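What follows are several structures.
After this come two complexes, each holding chain A, first together with chain B and then together with chain C.
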Partner chain A sequence: MTENSYRAQAGDFNPIIADHRIQGISRPSLSYWQDAWLRLKANARAMVSLYIVIALLFFTIAGPYIWTVDPAFQDLDQVSQPPNIDRKATLIKPYPIWDGSTGTVDVKDSETLYLAQAANTESVRLLWHVMPGAEGYRLYRNIFPFEQGQSMGLPLFTTFSPQNRLFEDLLDLTPRTFYYTLVALNATGQETSEVVNIAVEVQRVLTIEQAVSKGLVDSAEEVDVGDVVYLKLHPMGTDYLGRDMLARLMYGARISLFIGIFAPLIFVSFGVLYGSTAGFMGGKIDQVLMRFSDFVVALPFLLFMILFKIAFGIGPGESGVMPMLIAMVVLSWPSTARLVRGQILQIREEGYIAASRLLGAKSRYLIMRHMIPNTMGVILVTITFAVPSAIFTEAFLSFIGMGVAPPTPSWGSMCFEGIKTMLTHPHELIFPALLISITVLAFNLLGDGLRDALDAKMRSRE
Partner chain B sequence: MRAYLLKRIVQGIITVWFIASATFVAMHNVPGDPLMDEKATTEEIRKNLMQKYGLDKSLFEQYIIYLKNMSQGDFGISFTQQNRQVNDIIREHFPVSAALGILAITFAAFGGILWGALTALYRNRLPDIVIMFLVILGVSVPSFVFAALGQLSIVSVNNLVGFSLIPVAGWGTIWHMLVPSMVLGMSTMAYLTRLMRSSMLEVVNTDYIRTAKSKGLPATQIFLQHQLRNAVLPVITVLGPAIAAITTGGFVVEMVFAIPGLGRYFVEAVQQLDYTVIMGTTVFYGAFLVFMVIIVDVIYGFIDPRVRVG
Partner chain C sequence: MSNPNSASISQLVWLGLGAVGAFFLLMLVLNWASASTSGEQSLGSVDYASNSITLALEQEPPQLDSSRSTDSVSGIILGHVMEGLLRVDGNNKLVPGVAERWEITSTGAKFWLRDNARWSDGSQVTAHDFIFAWQTVINPVTASQYAFFLYPLKNAEAINSRGMAMDQLGARALDDLTIELEFENPISYFDKLLAFSTYFPIKESFFNSTRGRYGSDADTMLYNGPFVITQWVHSAQLRAKKNPHYWDKDSIGLDAINWSYITADTTAKLNLFKDNRIAMVQLDAETLESALYNKWNIKQFADGTIFYIEFNHRDGRLTTNYHLRRAMQLVSNSSELVYKVIKLPGNLPGMSLFPSWQMGENKLFQLEYPTPEHRVDIDEAKRHLEIARQELGLSSFPPLVMLSSDSPTARKQSEYYQNVFKRTLGLEIKIDQQIFKQRLAKMLAGEFDVVMGGWGPDYEDPLTFADLFASWNIQNRGRYNNPALDKQVRIAQGSLNQAERMRAFGAIQDILYHDSVVIPNYERGRIYVVDPRVKGLVRRITGADPDFSRAYLVDKDSNISKGDSKVAAN
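Up next is the complex of A and B:
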């Protein structure tokens, strides 16, 4: 058979049976988002951050339903208490007015200054013997041990009659050790060097009436004098007004995260519309729009946040969250607009846009179908990075007293209140500051991860 | 170059006008009026006062007068402190903020460049990991926490040496400025470190570094003369916005450390609704920031001639 002798047969024109084993797709095809998700999943830091963000949202949204303590309730028995404090309180009879008698305690002649009764949070009853040469006495109370030459603390009581040798301290007693110092006064009322002191361990007590009115026990019949009841639980302690920190942190999270998430969502959406319009229209309109956004960028951000805040004004009973949100949106959109415009200008020149236009696509369709979806990655990354900066701005403004109005808790305003008592009650600053830091950190790391996953151009070179 | 400069200055002036107008509009929407405090006044006295401050004129007339005064650099007289001109207040308090800001930006820029270069040099090794961890911490912790920590550390240092080595708060000597400016520059430094690192890593892969290597230049010379100098360029561009962030971010630091700067004064003025001081300070800050950005851009134009063309 030579080359020329081949004759076509009918069977030659039958379609070849496709061999799927050869042509089969070895891996399922991935859409852009599936691919991004896989890449994000491989990034351990970003995934941990994602879980933290989800946990924070749970804390904010579901938290108040699980921990149903009123954040405005003032537990005056427990003001500025750190977490995990001893909550035991012993029930006692209502205290009668003291007549100066000593109760159950044995009078110790060896000590000049002594307690008449066991000290408790209702009263500390002090008696003392005559001090040599004393024409009067002055009593001090301190929270630090007595030290020669140092302050003796709060002057509670002064008398110029040497017969008067008793004092009942009822002032703001808390379950801790108090150091009382008694100074003898001379005839002219000057303090002499005759000093005695005593350390008093104060026990927390409640009368049965108080326990009932605070809702710690159901009825007076259930309990008896001498029983131990437990004060309200505050897992994260209380603030300077005795309000529960955990409940306040949860409600504060609502404010902080509300601003932190909604402000970026709104201003990024506006920026996307503005920027895509400018980029798509081009020419004069683009120039005018972008010049205007340049002006807005030039406004000093924090100064204008404050200006807008006072311009909107806060009525009585308002929290001032909406003015802050609006001010943030008004001032923050230009950076997104600029970014999106740049992206749109790039995409506008792509071949598939020309093809789509050739097929008769209208502008609206082009923007909605091609341009915005193609910039979606960049937009998502921008939102993620805008969240921490919005949370920061809220915290910053609340911290200088220009943010959320006082009764409403926000993490920033809690920090503002906490920093005043930083040295004595550090937990009031540490918890809100820690939450702000964790939230900002989580969103920053998530943003890094999203950028690596979504945006090939901005991928950090690591 | 001259045309570029002129264009930028004209743009800057228009921007300042926009800032002034926005301030005017915002302040005229503030609820209440400047004479609200004078409750005991009769209608006549009130009218006279309105006339004195020009508040009886139409809004447009007030706006024109306001712009005229602003353009002549006259910010008016403080409402709460009748014997003080706003100009005097700015003259007195701004240098404090500026000194703090300059120290903070110096600290941030040198720190950022140094740490950024180090991380790039020790890429993916221990120094890089440690510094980048600190950087993430630096951008995630709010400035007031740093301020509080700064004060605490001053106290413990003072306790350690036994006398007041560094003052805890206040203003006066270079010692007062040290810790506040570090706190103020912290987040900017973290940001610049990040930027410097990626810029350094980008430069490593360029042709001129390869050429320098193939020429047989010593590694230190390549690092200092080729890599570092080129990598610093993008860092300089963000210095303008960074100055803006630092000068207005001074509020917190000035409050915590009791520094008599303009930021703290502004916050006080807002609390007392001192209209002229608020407007004057805002416009002054705005103008300052606009021209700082221009100056940085012009300097950048000298360093990198490519930008002048664009």
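Up next is the complex of A and C:
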């Protein structure tokens, strides 16, 4: 293409048709919220936390409709059971009161200590022959095998009469192996070195009547002695009174999340209103309002919680959740108020506010259009951080017995009960503690992610 | 940020590891700090250098004035620091205390005091100290809950409740060392009362110098027993050392006893025992498995205390209605409570107000007067409940308040009953858990519908239980008032004929069951572990229990481990 070779044509002098496509924005226009959502989505930590929070809400709200077990129902056949226990029980005839007879078992003279009947969870019936020189007997039970020279376990029964040679053990029989040890006592009641022991395998049984009354079978006609029935399922085990842990955790979550979500919502909205009024008005009013909030900060929470409980006439055995909520709301708003006031003071001096004002904007417009949206990030973050702290407060207060009344569960009170059996039945503590930890962590990480996402200065940055 | 997911995950992992590491470091620092600051003060469970032992108390004693104390914790402390005319020895036999010898007839008694009994300020324990203490107990101004303990003395009841002049009391000091008593009625068990704390002496001049604060602190008390309290930090600890003025000080094996921990938390006490901080621990169903695992020598002891549900019979309470009480009685099953809920060995299902070991005239009381047969009958209970509803004119029952103590066992028990009454009868129960002091106050004021009560025998006679529901007894928390029962109690108090008394106890047992006055829960058995280096611990049914006052330490060199049953079995 040289200069000489070009010849102008008529079409060259037509005006260019404006092609808006070229000047158009190549990517869709994003509102503040869409942008924040994009940035939040890029934050894996926050997203996982968000899913956890949603799952928790589902667990709390929908859970009890799916797992319809009464959290106050006491299944005394399965007390303090860990999850995944064998639930098989064999049906038996009603148990007559023992008259000391040997029943169907062949008595072997070679064994000093022997069972009168097959051992089961209804009773273990032991008999023994005379031991040389015995003026009395003491029977021990252990859950660990017998070892010479070691402790023999739990003393169940002592008699100072050598004729008394039978004992029926009814105490807390669970399907496991028990090791019984019989020690002969001398005339002064001291233990001698005459010791015999026996390992007893205990089978779980139920009488037909019990099975019907517990609703495990529909009627007594359907089943026969020797049939196997399954006890009620407890996927997360049971607590110290045989109550279903899963159902209790779901109901407990209601209390914990109710406090955890409502208290922050109420006190943060009040704090926003209070703080923005102070910040926007400024001057004397600001001084008075902020000094009052300083005063509220100095009030001790626990004391007020107790005072509210009394002022509300909450008697013993009644739930302390409402006074807890009110005490939290009344005493926790100042931090939000201070934060928002600071933001408003800063925004008030910005150039665009002055411009807006010069253009004739009213206060209402200024607040709604400029101030609230610009403080929104701070507010949302305050809420998400207030949620875990409120959940913790509830757990703590229920832990020290100021919260819910039995039998209502809450995660805190469940931890309180669980800690007593921490060594023997750890699941009673671990499950509620785990849920508190996960919830608190999820809300914290979500709040962290929201802070990044909602920060206006981060807008349209990757 | 090319791959934000993996970057943030690895960041999270590092943060987590960092947090765990920091936490671990903090624990180490704190552990070191606590070891270096408290190492000197806190003694082990057994300290050979000071010849002392350290123990834990269940609760803070409300006060230690023997004329007013009623609770078992005060009883433990008072049993170590005071001594009555008689005392109970390690075999539960009555032996001379301050009294050297005595004479009891059907009309009165006479006591000769030893001349070497001393108060902790060195002054002599005289007959006047006893007379003054007893006058204080029955003085209506003192309002002692245990005033009825002295009612066997002539005119004591009239002085206490009808304002008779104090000088009419049938107790006189003939001289400094002789006491003469007159009885109101012949009494067959008087000597058994004398070892109890209500009969302990109080020195008048010292009592008056404390201006009403007697027994509230270590220095507002005077002691005449084997130990003296040297330090009482309220709600924290009590320290006692051997009393140099005690007449029988040569038979006291320890130089000091420190009750350094006050807690009802059995897990905490188990850990203290495991760490060699306390010399004895009482076990419960939760801590039992750890004790078995640690292979400690577990011992068992039936302490004679009976636990039961009591109703409030004050005007305006729903529980004044017999049919409501009967309905609640018919659904309760003490066997299920004991074997499936409390799960503590040694506890026996409660059948009656009288314990199973109680002797009758010739054989066990239960064999002579069997307890009324009790069967759980839910349909019958519902029928009674319906009658009660109509009689009370209610459309439905409002919640009943169940007062209970705050111990783990009591909590379990009250939640169990809450569920039983709700499930079978549809009755709502509100549980009012209170600390010991507060529960006693509320029981006395009648602020309950139903209360989880318990009673430990004060002396070894069925009367200690039988008069609990007599209309005049201040320990009758529900103000149960039944002239038929009162009549039987009078017979049991006044008669010297054992057969007649046992018949009266049998009649009382029947009235209590058929009028649904109590629902027996259980007879308490204790299981406990003692540091094998401590010998001479006495467990007893009445008075101070556990009693370490004549305990001693075995030789340091015998080298016993806690699991060594060969040495520790006895």
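Everything below uses one rule, namely that the second predicted complex is superposed on the first by the 402 of 462 C-alpha atoms of A that agree within 3 Å, B and C clash if a C-alpha of one lies under 4 Å from a C-alpha of the other, contacts with A are read in each partner's own complex, and residues count from 1 in each chain.
In this section, contacts are C-beta pairs under 8 Å (C-beta built on N, C-alpha and C of every residue); 3 or more make two chains touch, one makes a residue touch a chain.
Everything numeric in this text was worked out from a predicted model, so none of it was measured.
By the document's definition of touching, neither partner reaches A:263: not chain B, not chain C.
When both complexes are overlaid on chain A, the residue A:400 reaches chain B alone and has no touch with chain C.
Using the contact criterion defined above for the overlaid structures, shared-chain residue A:419 touches chain B and also reaches chain C.
In the superposition on chain A, A:92 makes contact with neither chain B nor chain C.
Shared-chain residue A:139: touches no atom of chain B or chain C. Legend: residue contacts after superposition of the two complexes on their common chain; A:435 is shown touching neither chain B nor chain C.
After overlaying the two complexes on the shared chain, residue contacts for A:295 are found with chain B alone; chain C is out of touch. Of the two partner chains placed around the shared chain by superposition, neither chain B nor chain C is touched by A:331. On chain A, the surface touched by chain B in one complex and the surface touched by chain C in the other have residues 401, 419, 422, 462 in common. For chain A in complex with chain B, the touching residues are 294-295, 298-304, 306-308, 310-313, 388, 392, 395-396, 399-402, 412, 415-416, 419, 422, 429, 433, 436-438, 440-441, 444-445, 460-462.
Across the complex, chain C is touched by residues 42-45, 72-74, 76-77, 79, 141-144, 149-156, 158, 170-172, 190-191, 240-241, 315-318, 401, 405-407, 419-424, 462 of chain A. Per the touch definition, chain C reaches chain A in the complex via residues 1, 4-5, 8-9, 12, 265-267, 285-290, 292-293, 295-300, 335-336, 339-341, 343, 345-346, 399, 401-402, 406, 408, 411-412, 414-416, 418-419, 422-423, 429-434, 527, 563-566, 569-570.
In the complex of the two chains, the chain B residues touching chain A come out as 11, 14-15, 18-19, 22-23, 26-27, 29-31, 124, 136-137, 139-145, 148, 152, 198, 201-202, 244, 248-249, 251-252, 255-256, 266-267, 270-271, 273, 278, 281-282, 285-286, 289-290, 293.
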